[in-house]
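Labels run A, B and C following the written order; every chain starts at residue 1.
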């Protein structure tokens, strides 16, 4: 029985980790590669969840399709947000304190605006795969967790290919390492950063859809995710996708084991605790980057 | 003005203000609302010691504040000491937690410290939510003593306590500003590498700043259980504390003790009146928007708009 | 026979796969005027950062005034007497010029064993320093109101305020005019005559040549020359490093 429980916990932890990676990939780009401490990223994921919810409830659109529909809007939103950030802070060289306070304010505003618009009730979506469960031996996998995990892997895979193979993708990798060199190649780092940041916010749309497939969503759960995504990005080595994936899975398994054996109300402590420990003892992450 | 003189003046102001309030005000609501504003003066001033003076941003005000509040709950349930004892204990505990957190994260860049403070707040909240002795997620009821020491009316007593704390925090902030410590903190804030190269023990000073800031926040939280009489994690760890303690110094000005005071009075009063007239969510939205606007438009806060060219001029000794 | 003030053995530093410093050996005697040259990216700044404690070296040892520096944080090295100025001036922007000098005076000079500095003594020392770098008129100004050369001078004055035994001046003359370079050179020579050992890191050859008693050349993280200036500049490796094949 114990082995049964343990194995189920680990498997669902891995699946959960895949989903966490989808939520974190945006931050891996904005914070890991561009050094922009976008605290508000989880709030935009929740925003994505609610947009997808509205599309699902009003017009019966499948959440995944809904996510694809709203992604362009999130891209534009990201561009606008970066514009304000760049104009107010990066230009003046004051990114540190005030940039963080800025994103914290945005996080807060987004959450409160959602509360005002939707109230504090939990919202969920309907889709044909949400109520089914897959059984493999004594392992039970709910499709509503499996689908997000699969989509997450696909999304990250696509992004990885994009970063490695396309001109813009490689420019983004370059700007994360040496924006001076980029400038010498007559590529404006700010334009590259603009695209990268918009991309990071665009991922929030899909991540939001995945979230609301996995669990019912209400505005303030974004806060639980702040610790998770930052823990994953820092532990993953700031900007490395493979590292981030590994960190996400580790975190998912740790949370799953804690929830199974100690109770789900301890889960937030796991991610935030891991974050604190990572910061204290291994800030370069599992796979390491300076 | 010497630091000792300033402390004396502050004490006199506190006494006079309280005396005037007791004589002139008949509506208890003034004391209820005033308590909250005074509480924010303490929180904003405390936040600014680390934020404005040292340049490190703290998102976890709620965590330090709640440590003070929940320590008070524990002590109240165990043997019910008077409030000053609760304040002392709350302050010491929060200060130690601040110190511990600092040791873990202050060697890293400021952004990691900031994220760490957020993590701390949530870890503390999770512990409290899972601890049945303090009520867990259901919350806990605290019964106010029937009579208050010195004054009889308990609300007046709480108001006085918070007024004294506010005066204390302002005096402390001012003394730090005009001391060698404050000078070192300014150097750390302006350029940490250069400060270190000039012989400033940056880590030590940052730790002191974090401990003091956290301790003050814990002290502000200690009387809370008696004020609200029902305390649960959702209200105790309310994000509003974090946002306000950042917005108030940002809007009022971060370079001296005046800024947080102005910001707390300004924002605190707006919110107290707004909560009555509009929904509390809308009220919070306004604070959030003001925070963003302040950060983007007026980096030096109200003080900065008032006297834009003059930044804090400091006497070292 | 002067004492060896700074002793560097086998110093190495790498960033990921990139080797910034490779097995550096260096001896600096008390009172020496040493020039440090090398093309961009040769590791000069990394060396300064490792010596001053801003960076942790990966292997090797550094001894200063008989004390091992390994593991000591930068502020303690400054208090021991090892001061450095920054290549890009890093003034304390919210403080006035004279307050900028107060910082090292309060936190370093005051901490020297047995030193008690009164307020009046600190003010006097500030005046002295400002006079030496010709910045008296700007005592109450803020860094944002200073010109480039004035900021360089403030940077230097701040390092000098720490009353160092060894001062590392990192490219303090870049971009200055002919006469401004002469001013700084005179300043450094005078400082040296008062007993301070100076390491001058520079690209401007005439300044380095006229100032240094000894010249050290760094290329790609390795020390390739160390000796009399006239001999070092004639060294074929040094020529190759600066002029190419």
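The rule is simple: a contact is a pair of C-beta atoms (placed from the backbone, for glycine too) under 8 Å apart; a residue touches a chain by one contact, two chains touch by 3 or more.
Computed from a predicted structure; not experimentally measured.
Asks: So which chain is the furthest away from chain B, centre to centre on CA atoms?
Replies: C
Asks: Select, from all pairs of chains, the pair with the highest number of C-beta pairs in contact.
Replies: A-B
Asks: Would you mind pulling out the distance in Å between where the CA atoms of chain B average out and where those of chain C do?
Replies: Whole-Å distance between the two chain centres: 42.
Asks: For chain A and chain B, what's the span in angstrom between their mean Cα positions?
Replies: Measuring from centre to centre gives 32 Å for this pair.
Asks: Could you pull out which chain C residues touch chain B in their complex?
Replies: By the definition above, chain C touches chain B via 52-54, 73-76, 78-79, 83-84, 86, 90-96, 99, 102-104, 106-108, 111, 119, 122, 142, 158-159, 161-162.
Asks: Considering only the defined contacts, which chain B positions touch chain C in the complex?
Replies: 180, 183-184, 186-187, 189-191, 193-203, 255, 311-314, 316-317
Asks: Okay, in this complex, where on chain A does chain B touch?
Replies: Going through chain A, the ones touching chain B are 37, 39, 84, 88, 94, 96-98, 100-102, 104-106, 108-109, 111-113, 115-116, 223-224, 226-227, 230-231, 234, 263, 265-266, 268-269, 272-273, 275-276, 279-280, 283.
Asks: Residue numbers of chain B touching chain A in their complex, please.
Replies: 51, 55-57, 59, 101, 104-105, 108, 110-112, 114-116, 118-120, 122-123, 125-127, 129-130, 137, 239, 242-243, 246-247, 250, 279, 281-282, 284-285, 287-289, 291-292, 295-296, 299
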